[in-house]
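Per-chain numbering from 1; labels A, B, C and D assigned in written order.
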Amino acid sequence: MRFDGVIPPVVAPLTADGELDIASYERHINRMVDAGVDGLFILGSSGEVVFSTDERRKQIITETMRIVEGRVPVLVGVIDTTTPRVIEQAKVARDLGADAIVATAPFYAIVGPKEIERHFRLIKQAVDLPLFAYDIPVCVHVKLSPAMILDLARDGVLQGVKDSSGDDVSFRNLALLRTEQGLDLSLLTGHEVVVDGAYMSGADGCVPGLGNVDPKVYVEQWQARKAGDWERVRELQDYAARLMRITSVPVGEVGFGAGVGAFKTALMLLGVFETNTMPEPVVALEGSNVEAVAGVLRQTGLLD
Amino acid sequence: MRFDGVIPPVVAPLTADGELDIASYERHINRMVDAGVDGLFILGSSGEVVFSTDERRKQIITETMRIVEGRVPVLVGVIDTTTPRVIEQAKVARDLGADAIVATAPFYAIVGPKEIERHFRLIKQAVDLPLFAYDIPVCVHVKLSPAMILDLARDGVLQGVKDSSGDDVSFRNLALLRTEQGLDLSLLTGHEVVVDGAYMSGADGCVPGLGNVDPKVYVEQWQARKAGDWERVRELQDYAARLMRITSVPVGEVGFGAGVGAFKTALMLLGVFETNTMPEPVVALEGSNVEAVAGVLRQTGLLD
Amino acid sequence: MRFDGVIPPVVAPLTADGELDIASYERHINRMVDAGVDGLFILGSSGEVVFSTDERRKQIITETMRIVEGRVPVLVGVIDTTTPRVIEQAKVARDLGADAIVATAPFYAIVGPKEIERHFRLIKQAVDLPLFAYDIPVCVHVKLSPAMILDLARDGVLQGVKDSSGDDVSFRNLALLRTEQGLDLSLLTGHEVVVDGAYMSGADGCVPGLGNVDPKVYVEQWQARKAGDWERVRELQDYAARLMRITSVPVGEVGFGAGVGAFKTALMLLGVFETNTMPEPVVALEGSNVEAVAGVLRQTGLLD
Amino acid sequence: MRFDGVIPPVVAPLTADGELDIASYERHINRMVDAGVDGLFILGSSGEVVFSTDERRKQIITETMRIVEGRVPVLVGVIDTTTPRVIEQAKVARDLGADAIVATAPFYAIVGPKEIERHFRLIKQAVDLPLFAYDIPVCVHVKLSPAMILDLARDGVLQGVKDSSGDDVSFRNLALLRTEQGLDLSLLTGHEVVVDGAYMSGADGCVPGLGNVDPKVYVEQWQARKAGDWERVRELQDYAARLMRITSVPVGEVGFGAGVGAFKTALMLLGVFETNTMPEPVVALEGSNVEAVAGVLRQTGLLD
């Protein structure tokens, strides 16, 4: 099983009272699969994993597997603070049919490099699914070292990396060493605004949050990249960067509330989601902020 | 019910194969209660909350309540990433008999000040127990603002603060404003090496990790503080600062592995714990590091 | 020559067109010396060293030495990016009569611990005056390690430390080790809001920016500390903490503009400074911000 | 005058006793100009500006202008803590013939956004040369906001940006807005390992430290970029990324000591520099570290 190409981190629609909105979710997943995405990553940071109870997490996995029906591989985030808790999540994901799991370094806990490495080894030992390391220092406050990643790839622990580190220099070095050492390690970038640069660096695909809103642009970009049409790769990236402004126009919002808040609002405006409800303690975009998102959608031609 | 004085964050003993060691735990809790502590804080950062599965968390609460038998109040850490998950933990703690709960700001999730404030309000709404805010930027990577804390105290949301912020200037300002505004807000410091300074600033007590190893020194210091004997407060603090070196002598260890690793090792050397086993992915101190901890215990007279 | 007690970091008055205001400066220095301060620290962070050209720095040293006339020792900040530039500043300070010099770790430059240690050794080699290490991570973005400080004290390189690190735990450990090792190292705290805690930890004095506004309170506090009257030490600290609010009431200002801006404004309101002019690119407090500072001065009784 | 293409930040050769090595400097500059670079940036971070006294800075400018003789434009770093000091440096640069000047945000000083903007405006007012903003948070600990940069470009204050921010997402957004708004703002990337990605984002050129060692590769890459030959751009980048390993092979060195230390060592091994002497307090690479640099040069074919 390959894990490359476009693998959006799936955003979860909620009903007005905070339940998972199944009808919207079906529309949303089918829209992305129909657009030609190569996989789906659920329960990632924008998939509100840390805002979801264990029950909700199970529901999201179960519904996703049911809707996807094997059309594309499903990667499941098993995001929790430390090894014992992550392994519990990983077993649930495995039992519900995940094709691969995605884990971060330990967080909240203050540990060092040797504990981080041991963490990934123990997860793989406990649950023998393809394992992706999720490098996201903005959430876990530590950067995974390329040297450790390469060691873990060589030992068969890691299948790939989902890179949201914001460190393009480190990513280039990792990609180059991976190739030189002949390692089978799938490198996916999470930075939807500079996927073209990541492709130049050797990325095998992307995990674009913005792909929830416009999956086609990333699919077409990936095809252009495979065809070696770099000018097209670049043009599509400029378009996506303009569309990404839906996340910077909301006033008075930051982080998850601005980013996922804008994705949900755009999907509501596009008729995919019923509401733009956010999980507590985040409040949905309202009024002029919704209007601002609509304005960007109009400028980029997604909305009339 | 008062929450002041010495309230150690209880370290959990494990058997060699990683189970909760009940016999050691009984010895440990009784030793602290007998020393005269004013409360116990379980499932805090050093109480390995983020290393414990939900099952283990329940076991720790249940066993603690059974052993303590109401002799002192028990504060329970309900540490999880965001509001829905924290509320779940809070309900469990309440149902198992917690006297108070302790929650941090959201972590991993990237949110702003308004979400942090809403987070505490929603927790209090869901579970009407005395609620402490746990200010620990080294783990959650955000500092709670004194202005927000005072607002929440005024509205009856917060009962107190467990301050592990490392920001003594902010703590002084908070304590002064709390007093000027006549608010009933219990301020406890988590910095066991400078409790004397915190008492000068107006702290109502302390939550010293080192109090696991030597509860008596903090109890005596609190009595000296109440008696206004500041020279004694200071002398005892200097002694405690020397004892705290058990956490800096281990070589090649950082964070939780060095700190809690040293506490567990000291308790093993003192005959309170059976082992110094650590939760995964952390490995227990060994060999010369154990010897180094023993050396400090001998220098401070705790070990012959 | 002793360097202990109260050593304010002298704020420099400017005329409306940005020149050093000599008449105000004489009033200011004489007011502090008359209040009984034990020394003066010029060209520190609040002494606008990094806002002053070399010419201005020389003028400040020259005028200070002339006004002080040996009544108290004068410590001179030799704050610049790296060793060659600091040594130049140190030679100027020596030639103009400095009693001691104060240097930070290198900044802007990205160096490691061994370069920091070599930096201090080379400064001392070049200019054989009493040398203080200025530990101010908020400006130079590195914390000096207690182990390095102790080594440098043992080798006669450092005479003392001006601690503005905000790390009270580290300060306690440094003070304790210094005493245990019998080193002659003067430890001065720069945190004017928690001097009482620093005295508990073993500080030999303070370098309070707020001492520009009210030098008497720190002088009286130091006397109380020497007399062992800790309750008085604490009361005076609470008073000073309330007065320090002049720096938090200005709206729309941060850092140097808020802090030194408020000190200058208070000194203007107290009739010591002619203006509250700030060095470029900072703009002086105006309108309601001046009024807010005046309000705090009235509340604390400094202004009618 | 255009400022685009390849503009290496010139590394300064020193004699064994720390003087500027004029003969080596001539060889070095001529080698880069002969290779076809489009400009030279002197007294940047790797040009040891913060390690140089004012006298040395003047000498470097003077010698550079003499050697270059107008063959390419010379940009001069006027790097100092705040406005008054930067303006002094800027006047010197202007008087010695600089074609453009490059300034960072204030550093050491704690200021906010409005002071940063005023800083650039005042510099431009004082010295009417083309002004580049040097965005280098790793040294000055603040990131320049794209919105401010665009405002300053619109008002004719900024001619360009030298981006060493490590934030490729922000760079993409800046480049896109600059183009959409029709601003004449030259965007140069300082990240020599991912210049291809920066070109995809719209960069007008690069300021590659590694261009000191191998200027030809960056010149050829820039030509390929202008020709739209993206595959070639990428191949050359991979080669440069491998060569950049000279900076990661030294053991026990960090930051400037590792980076510029490796550049100087490579230039010594290539016969361009006489020595690899570093400015105090940094020590030159020695022994096995020199050998490691030589190893990388051999692997990449620069050394036999």
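For this structure, a couple of remarks:
Convention: a contact is a pair of C-beta atoms (placed from the backbone, for glycine too) under 8 Å apart; a residue touches a chain by one contact, two chains touch by 3 or more.
Note that the structure is a prediction, hence the values are computed from the model and not measured.
Across the assembly, the mean Cα position most removed from that of chain D is the one of B. As a whole-number value, the distance joining the C-alpha centres of chain B and chain D reads 49 Å.
Once the centre of each chain is set as its mean CA position, chain C and chain D turn out to be 35 Å apart. In chain C, no residue reaches two or more other chains under the touch definition. Taken chain by chain, the contacts form a single closed ring in which each chain touches exactly two others.
Pairwise chain contacts present here: A-B, A-D, B-C, C-D [touch as defined]. Contact residues of chain B toward chain C in the complex are 166-169, 172-173, 176, 191, 193-194, 196-198, 200-201, 228, 230-231, 233-234, 237-238, 241-242. Interface of chain D with chain C (complex): residues 45, 50-54, 56, 79, 81-85, 88, 106-112, 114-116, 118-119, 122, 138-141, 253-257, 279-283.
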